[in-house]
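In order of appearance the chains are A, B and C, and numbering begins at 1 in each one.
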Amino acid sequence: MLARALPLVVLIAAGIYLSLAIKLPYGATARPGAGFYPTLVAVFACLVGLVAAAQAFFAPRPARAVVAADAELPGARRRVFSTVGALAVSCFVLPWIGYVATAFLFVTVVLRALGSRWPAALVIGGVSAAVSFYLFAVLLDVPLPRGVW
Amino acid sequence: MRRVLLLVAFVLASALPAAAQYPERPLTIVAAYPAGGMVDIVARPMAESMKKKFPKGVAVLNRPGGGGSVGLAEVVQAKPDGYTVILAPVSTLVIHPQLNELPYKTPDDYEPIMNTIAFHPLLAVREDAQWKTVQEFVNAARANPGKLRVATPGEGTSSHLNLEQLMVAGKFKVTNVPFSGWGESSPAVLGGHVDAIVAQPGELKPLVDAKKLRTLVAFQEKRQVLYSDTPTAKELGWDAALGTWFVLTAPKGTPAPVVKYLHDAAKAAIEEPSFVTLMKNRGVDIVYKTGEQSRKDLWKEYKDHTEILKRLGMIKK
Amino acid sequence: MGPLEGIVYGFSVALTPTNVFACFIGVVVGTLVGVLPGIGPVGAMALLLPSTFALHPATALIMLAGIYYGAMYGGSTTSILVNVPGEAGSVVTLIDGYQMTRKGRAGAALAIAAVGSFVAGTIGVVGIMVAAAWLADLAVRFGPPEYFAITLGGLVLLSRLTGGSLVHAFIMVAIGLALGTVGMDSISALRRFTFGSVQLSQGVDLVPVIMGLYGVAEVLLLAEEGIRRASIATVRLREMLPTRLEWRQSAAPIARGSVVGFISGLVPGPAAVLSTFIAYAVEKKVSKTPERFGQGAVEGVAGPEAANNAATAGAMVPLLSLGIPFSPATAILLGALVIHGLNPGPLLISQRPEVFWGFIASMYIGNLMLLILNLPLVGMFVSVLRLPQHVLATLVLLLCLVGAYSLNNSFLDLWVLTIFGIFGYALRKLRVDPSPLVVALVLGPMMEKTLRQALFLTRGDIVELVSRPLTAAILILPAAALVVPPLVRLLRRGRSVAGDRAHEVAP
């Protein structure tokens, strides 16, 4: 199922990319503009998508079970989602609450989600926020976000 | 414990009311180009000597991308509290908003503090090229329209626009080969892949000194100090003298006293003898202009560029 | 002054206490930023540039360059230990380096990487010393058409680096090429595919992409397992050193990697990254046991790690002999010299011999310092693996986060990191190798620029473009690579249809 859907996704994406690329100034072969190369890339992407689709539909058997068949560990999905969620939320809040608070919250939350106990998560969160802040902001002079306060 | 202390100190330091006396926080000068480029080379020594007026420090923040427009877009949207300013070349200020949709459109959408420096490009060929003067080059170009190839650091750069101006004024045609910067265009001319190059005086200098390149014409009103033997386009009766200048700029709405403080600190910085020498060796002129004057000149440049860009078909409609 | 007199004079400059100290600071900072994912030599040099203002130009250059080549030593560390490429130049290292770690050979991989870097760094300096002027003249013979041929050929050859399905590889290439067009067009300053976002006009940076595709994806896989004890039970000191067999297997790859890397350094653009891919491809080609690659082959660490160090030396050639920066890192070195009132070019060697020769001599000293510094660190880094796995994973993620931000001071890079982390995780689940995407993202922007410049040059005459002798020579190779294997397969197909199909689809 997924093996057949994937080429379609590629084709659709390539189509969207092509429709955007041809709106850019193409120029001429002697004076290629900003849209010249993207158009070539788009054509290549569409061709690849077509070949992939053809292979997926006309292959004698669907190209093997694509998704790894390993037995899923209990709670695996929850842990992966929480980690991704924590990462995305951090991207959101970093400009607002600054680096130290974000780092502390991020490490604590992820450790909790992966199964650490509260005290361990809090301590590691605190230490890692402080150490990484010291490394980057103090030693290397990186201007880390300070937040809105 | 350390973290808690740090956090407490951090919160206390940043929670204090932002009134009191103006420079009570570090100043950030955004350099909207990668480190090592000309903007960076001007911004860093300036920041260094502006520290005298900003006891909390002056940081240069490289925020490259979009020909400087990423950095400028962030600055125009920043809090106009005088702690975030940008050193931006005229192309970022007036050309990019005409090519792309940006949060700033015209010189009225930001607050020019003062102009700092200016420099003008030159046309150069390989030392062993058959053209010894610009007239010979132009004659060769007239004889074979479009055959000679000239490298520029990109479309819409002052180097490119000067070349286009020169073609109109001198009534000849060459093929412009746009690169992205000196790092790419210079090997092309040294290797003979293009016939000539338009580039900044400081970039050309070491290669001219080493007799690898020869300058033919300067796109400047007066003769360039480093190249006193090279005629200007004006002398030859061709009107092509577009320069690049860097304007220290704040977000619109920055309070007038703060702008004045920044202006005074920056003015002292560009008058510093070491800075003057550094720029002179680079073929760069210190061009002080007030914020008011800068805005006027930016408007003039804005309109001039509109015409050239329209003629080149770089602006739609 | 000949090279011999020059270098003796150079050592007299480089061995003054101030300069030795500057060199030491440089290589220590370099090692640090190399180890930390994200922030790389370019960022670190820019940040530390102001602190060199008060120094002599030679001292400043010695220190900043120390950061540059020092970072190539440290860069492999996180690649090998936790599958996070510390710099773009150490993506390839993780393919086999991380596998070695999983087999308990982390110490060996790190030690080989350090020794390989040292050998390559030293060979590179010799290369600069004896042949800089000649090589620089050679480098400018290559114009945009030749560089276009190189990138196109490189793309075709390198996208098949790790084998696997051809269609999948091409899908990855297409994605990589398309990503490379996002942002401002560097020739015409027009924005493309930014959907009105000013932030996006800075483009999609390579580093957060690779940190996401490999590092974050790996962490998400670890997250599935949840709480775990140490990733590696115990590492005894004896096990940390490479075995005699491993040394023997690495010797030739280090030598080849040094040569490949040094030459790649002469190519403008992302030389360090490119050199590692080429070195890996070379090792896999010449190996009698190519099936070991991807399973923890020590050659796959030794070759690329030597190459990226030699490439930093190669990249100094156009800088020192012409004053032309071919890469962002050398652009900063150039900028630093300019701020110090120098205008480096062909005359640097005669006008400021103390800077030129002092700098070259310092690179010998710096490389030696790095070797002495890095070998004991191997033990320390390996002990990081004793951390409980979920703690290590979380800390790696935090380092990716702060590292990605510190690249361009951009929040966009954080989103790129996250999105490509999810994407990389999905690819791992689908058993698709992301390396063709990385190759395409590295080469794509350069391919576009050189293609367009080449067409401007030849006024759109494609025949003239491909018939330049150098271009034609370069293009024949990938064309053969593209045409010959399917042809062979077509001929074989007559014999066994089913067997061939299975071969093609298996990842």
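Here is the rule we use: a contact is a pair of C-beta atoms (placed from the backbone, for glycine too) under 8 Å apart; a residue touches a chain by one contact, two chains touch by 3 or more.
These numbers come from a predicted model, not from an experiment.
*Asks:* What's the contact topology between the chains, one of line, ring, star, complete, other?
*Replies:* complete
*Asks:* Weigh A-C against A-B on C-beta contact pairs and write down the one with more.
*Replies:* A-C
*Asks:* When the centre of a chain is set as the mean of its C-alpha atoms, what distance in Å lies between chain B and chain C?
*Replies:* 31
*Asks:* Would you mind pulling out the distance in Å between where the CA atoms of chain A average out and where those of chain C do?
*Replies:* Here the centre of chain C sits 22 Å away from the centre of chain A.
*Asks:* Report the inter-centroid distance (CA atoms only) between chain A and chain B in whole Å.
*Replies:* Between these chains, centre-to-centre, one finds 36 Å.
*Asks:* Check each residue of chain C and list the ones that touch at least two other chains.
*Replies:* Correct list: 187-188, 190, 409, 452, 456, 459.
*Asks:* At least two other chains touched by the same residue of chain B: list those residues.
*Replies:* Residue numbers touching two or more other chains: 61.
*Asks:* Which positions in chain A are in touch with at least two other chains?
*Replies:* Answer for chain A, listing residues that touch two or more other chains: 143.
*Asks:* What residues on chain C touch chain A, complex-wise?
*Replies:* Touch residues, chain C against chain A: 29, 32-33, 36, 39, 43-44, 47-48, 165, 167, 170-171, 173-175, 177-178, 181, 185, 187-188, 190, 192-193, 216, 219-220, 223-227, 390-391, 393-395, 397-399, 401-402, 405-406, 409, 411, 414-415, 417-418, 421-422, 425, 429-431, 444, 447-448, 451-452, 455-456, 459-462, 501, 505-506.
*Asks:* Which stretch or stretches of chain B touch chain A in the complex?
*Replies:* Listed in rising order, the residues are 2-4, 6-7, 10-11, 14-15, 28, 59, 61.
*Asks:* Chain C touches which residues of chain B in the complex?
*Replies:* These residues of chain B touch chain C: 34-37, 40-41, 44-45, 47-48, 60-67, 69-70, 73-74, 95-96, 99-103, 146, 149, 154-156, 175-180, 182-184, 186-188, 190-191, 193-194, 202, 205-207, 209-210, 212, 277-278, 281-282, 314.
*Asks:* Write out the stretch or stretches of chain A touching chain C in their complex.
*Replies:* Residues 2, 6, 10, 14, 17, 20-21, 24-25, 28-38, 41-42, 44-45, 48-49, 51-52, 55, 59-60, 63-64, 66-68, 72-73, 75-76, 79-80, 82-84, 87-88, 90-91, 94-95, 99, 103, 106-107, 110-111, 113-116, 124, 128, 132, 135-136, 139-145.
*Asks:* So in the complex, which bits of chain A are touching chain B?
*Replies:* Listed in rising order, the residues are 98, 100-101, 104, 126-127, 129-130, 133, 143, 146-147, 149.
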